[in-house]
Amino acid sequence: MTEHQWLEPTVDSLARLVPHGAMVAVPADYSGIAMELTRALIRAGVRDLHLVAVPVTGLQGEMLIGAGCVKTIETSAVTLGEYGTAVRFLDALKNGRIAIKDATCPAIHAALQAGQKDIPFMPLRGIIGSDLLAKRGDWKVIENPFATGPDPIVLLPALKPDIAIFHAPYADADGNVFIGRRRELVTMAQASRTTLVTVEEVRDDVDLMSSEETAAGALPALYVGAVAVAPRGAWPLNLWDRYPVDEAHIRQYCEMARSPEGFQRYLADVVYPRHAAE
Amino acid sequence: MTEHQWLEPTVDSLARLVPHGAMVAVPADYSGIAMELTRALIRAGVRDLHLVAVPVTGLQGEMLIGAGCVKTIETSAVTLGEYGTAVRFLDALKNGRIAIKDATCPAIHAALQAGQKDIPFMPLRGIIGSDLLAKRGDWKVIENPFATGPDPIVLLPALKPDIAIFHAPYADADGNVFIGRRRELVTMAQASRTTLVTVEEVRDDVDLMSSEETAAGALPALYVGAVAVAPRGAWPLNLWDRYPVDEAHIRQYCEMARSPEGFQRYLADVVYPRHAAE
Amino acid sequence: MTQAISRQELLIFTISRLLEGCRHVAVGASSPIPGAGALLCQARARQRMFVTVLGSTRHNFTTNGGVELFDMAAQGRVDAFFLGGGQIDGHANINLVGAGGAYPQTQVRWPGSFGSAYLYYLVPRVILFREEHSRRVMVPQVDFISAPGPRNDGVYRPGGPIGLLTNLCWFAFDRQRLRFRLDSVHPGHSVEEVRDNTGFDFDCPTNVPETPVPDPAILELIRTRIARAIGETYPRFVKQVFPAAA
Amino acid sequence: MTQAISRQELLIFTISRLLEGCRHVAVGASSPIPGAGALLCQARARQRMFVTVLGSTRHNFTTNGGVELFDMAAQGRVDAFFLGGGQIDGHANINLVGAGGAYPQTQVRWPGSFGSAYLYYLVPRVILFREEHSRRVMVPQVDFISAPGPRNDGVYRPGGPIGLLTNLCWFAFDRQRLRFRLDSVHPGHSVEEVRDNTGFDFDCPTNVPETPVPDPAILELIRTRIARAIGETYPRFVKQVFPAAA
């Protein structure tokens, strides 16, 4: 597979393509989280990220924040769901180590769609009267110029991340990535300057663009800056319905992450060893 | 298949769901044109349609205009491509029998996306300085409220058709429609109040929603008002790469459509007989 | 012999009643009881009814990514949705962000507002659902408005709350008076208990009826088919509440 | 023995030269020569180059519907595109709508503006391509502006025309002076012929070079691999122009 220009040799070399201070878009847990790449970003010591959760984040955001990689998080929620509280996130927020841009899910989607079309803003209903609007200096309210009477509406500035990051089942021989119906990944990728993807495997026997059936679920290679192979790369999270969440591991994480020391121990035990092994 | 509530017995009964004066969205030739349904609309004598071409039209628009079904056409082009000139369209336009809202392709897509999000308008780059803008009273120019200096930008009002119409390879057992990567059909369907679809067949053995692979290319049944089976329903146009254009027939059409009398003969020969046979 | 009706079963049944006539009900994350209620309504509906359960593969009719549910809501294609809140006040303002202290460094921080600041305006039948009924949750005024209750402020708002369902009762929301009205109290609870545990004012008729309970056939349906269906997305919930169906 | 270089081959080669260095070239409908030019450039490129041919299944990298090409253009992901016009004037205004009479009842009506009123602003290397070089097409001022040439009007415009290629010559467009400059005349034609057939003023250096022609190896590539590749989308064109490859 060495002939693929777009293929990085390791997840760690992929991680090194993310500069300090980058605006990085990541999907929600149901869309395929690049957890091995997340660990590689922590190993690489990346700093000052502006993390955009599309539209919410969980373990990925929590770990990046805990490891000090994040300066600002823009999200509609940070949650580990039924597994517990995102303690490192709460701790960083309370102690002012991160800034937060609280949002609402459709606003993040719509702002990315504005980025995808490269229009400067997108109008969206709702939001007016929410304290979210008051706390965000970047959302504006105008009168709908097409209405006959008063009709205030929110305008959201376009979100144009530097890098979109996700994990997917496979890339084909040309670097097209199978994303199924997870179309938020398409929006993220198109709105972002480039996209870094980890995949379970590269399938040199597949040309996703060759039929309507397979092309429908493909992110074209044109949007993908680089790919690295990461078997079980979403672990301990699930990859769609391909493999399940490692519940025991996440509970262990939650247990350890309760204290800064426990979290450091988790990094030492789980995140750094892989690096040493390479 | 009679248990399918969403299945109309004939294309003609499907056509009767289109009221006079409806705003009807139709795709470009590459996306699957419901030509048998087009003939059924002519047979049903539907009048005063506001036809929205997404983003251009060919034989379908030409025939509906020729048959007197259309009051207004909103399109970025009417063209029969290499087969010749859309003479009935030109004739109706010149004689003032139809109104035209000349557009540009991305504006139609963007206005439908506004309809899809049900936001009142969508900003779009370009267009300023084009006579299209001068001729359309419904597009507005505002100053981008996010710019630091002067930055005029066009706002397009949302397009929300009453009905979207297209032809597709098949519907599954639940009425989900396979559309492959023709995602303009999704935008059309979501922006429209309802969608009428003709399909080559209903595949009771298929559940498109059952896997990521097939769901990626599906329009959910939720958006589909009714379906009718129309084998080779795009004829004489092609259906994607499933069957080719009937070039000889389209050349024959172009020949006959040169004069109003020839067009009427074409209707009598090709469009009406099917009705009598039912 | 039929077991006694559990709290969860009563809530599932009540939700299914509140959803009657809907064509499409969507259920957000971490919502097994609303999900089961929607599936029960669907199982008993005479017309075709769609249920979208976030996180489900089977009960998911979207193919356009995470934005589709929100677009659908704007299009008028979502008839009902559920929202909760760390705090809920008497004007139906909800707070999913945090309480105490100065934002963003609040003393308590919840995950965030999710889609509330949008869906609350657009879905015609929003059901506020919060099991815990205490003065900690039901406050005079929320500390942070994730999504405001209806106001006469001229903002485009085809949707809004129809009421608030808790472990104790069902409050209907009166969109004229912009206040909750106690509509029914669950069996085993009283108006006094509701009053003691509610931090906001609400209207209260002289006689408050008891919340209706499911009949044995419906109960059987909940415990078998519905429990299995919601178990696809919430196996742990089903294991705990419906061990026989798990 | 090598056949003489045809008009189409010269145009295909010229287009491929104009596209050098592009990462992604898109080609619109009814454009076999631009399509072949883009595929030739791709075949000779050292870096990875994407070519989108509208109407092609093979040379199509979009999976997000008809809007994707336009979104790509806005994102800066389309380096070059082709536009034509029923009329083109000396300020690079193009008219794809109609001529004579009063709009919309023009004496002549063309299909319509397609994506011109957008792509012309956003694609950095728009090549105006119109084979017919006559005073009917090359007019002093277009009757309808489908898409305006660059102006100093403050409108957001990262893109625009780099020039105009016809059967007679290649005009470069000077974005400073907002005028065309005759850059090369095709073999067998003259500056006088260009002048006689052009209705607008243009800059003309004292010595106008001849448009370079492809060498035999490139010619062979055009006649075999490129002809076959473009034949997927334009079989009739290939049958007519490259009968050996059809």
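The first chain written gets the first letter, and so on, giving A, B, C and D; residue counts start at 1 in each chain.
Note that a contact is a pair of C-beta atoms (placed from the backbone, for glycine too) under 8 Å apart; a residue touches a chain by one contact, two chains touch by 3 or more.
Not measured: the values here are computed from a predicted model.
A.B. asks: What are the chains that chain B and chain C both touch?
C.D. replies: Per touch definition, common to chain B and chain C: A.
A.B. asks: Quick check for the class: compute each chain's Cα centroid; which one is farthest from the centroid of chain B?
C.D. replies: Farthest from chain B by mean C-alpha position: C.
A.B. asks: Determine which of the two chain pairs, B-D or A-D, is joined by the larger number of C-beta pairs in contact.
C.D. replies: Counting C-beta pairs in contact, B-D comes out ahead.
A.B. asks: Report the inter-centroid distance (CA atoms only) between chain B and chain D in whole Å.
C.D. replies: 29
A.B. asks: Per the centroid of Cα atoms for each chain, what is the distance between chain A and chain B, given in Å?
C.D. replies: Chain centroid spacing, chain A to chain B, equals 37 Å.
A.B. asks: Could you state the distance in Å from the CA-based centre of chain A to that of chain D?
C.D. replies: About 40 Å separates the centre of chain A from that of chain D.
A.B. asks: Approximately how many whole Å separate the CA-defined centres of chain C and chain D?
C.D. replies: Chain centroid spacing, chain C to chain D, equals 59 Å.
A.B. asks: Counting only residues that touch at least 2 other chains, which ones in chain A make the list?
C.D. replies: Answer for chain A, listing residues that touch two or more other chains: 110, 113, 117-119, 124-125, 151, 153, 181-182, 186, 215-216, 218, 241.
A.B. asks: Multi-chain contacts in chain C: which residues touch at least two other chains?
C.D. replies: Expected reply: 62-64, 68, 70, 74.
A.B. asks: Please give all chain pairs that are in touch with each other.
C.D. replies: A-B, A-C, A-D, B-C, B-D
A.B. asks: Inside the complex, what are the residues of chain B that reach chain C?
C.D. replies: Touch list, chain B to chain C: 5, 116-119, 186, 190-191, 209, 215-216, 218-223.
A.B. asks: Across the complex, what residues on chain D touch chain A?
C.D. replies: The contact residues of chain D facing chain A are 24, 48, 50, 58, 60-64, 68, 70-72, 74-77.
A.B. asks: Enumerate the contact residues on chain B facing chain D in the complex.
C.D. replies: 28, 30-31, 54-56, 75-79, 81-82, 86, 90, 93-94, 96, 99-100, 102-107, 109-110, 113, 124-132, 135, 150-153, 181-187, 241
A.B. asks: Name, in rising order, each residue of chain A that touches chain B in their complex.
C.D. replies: Chain A reaches chain B through residues 110, 113, 117-125, 140, 142, 144-147, 151, 153, 155, 157, 179-182, 212-218, 240-241.
A.B. asks: For chain D, which residues are in contact with chain B within the complex?
C.D. replies: Checking each residue of chain D against chain B gives 29-30, 55, 57, 62-68, 70, 74, 96-97, 103-105, 109, 111-122, 144-148, 151, 153-156, 236.
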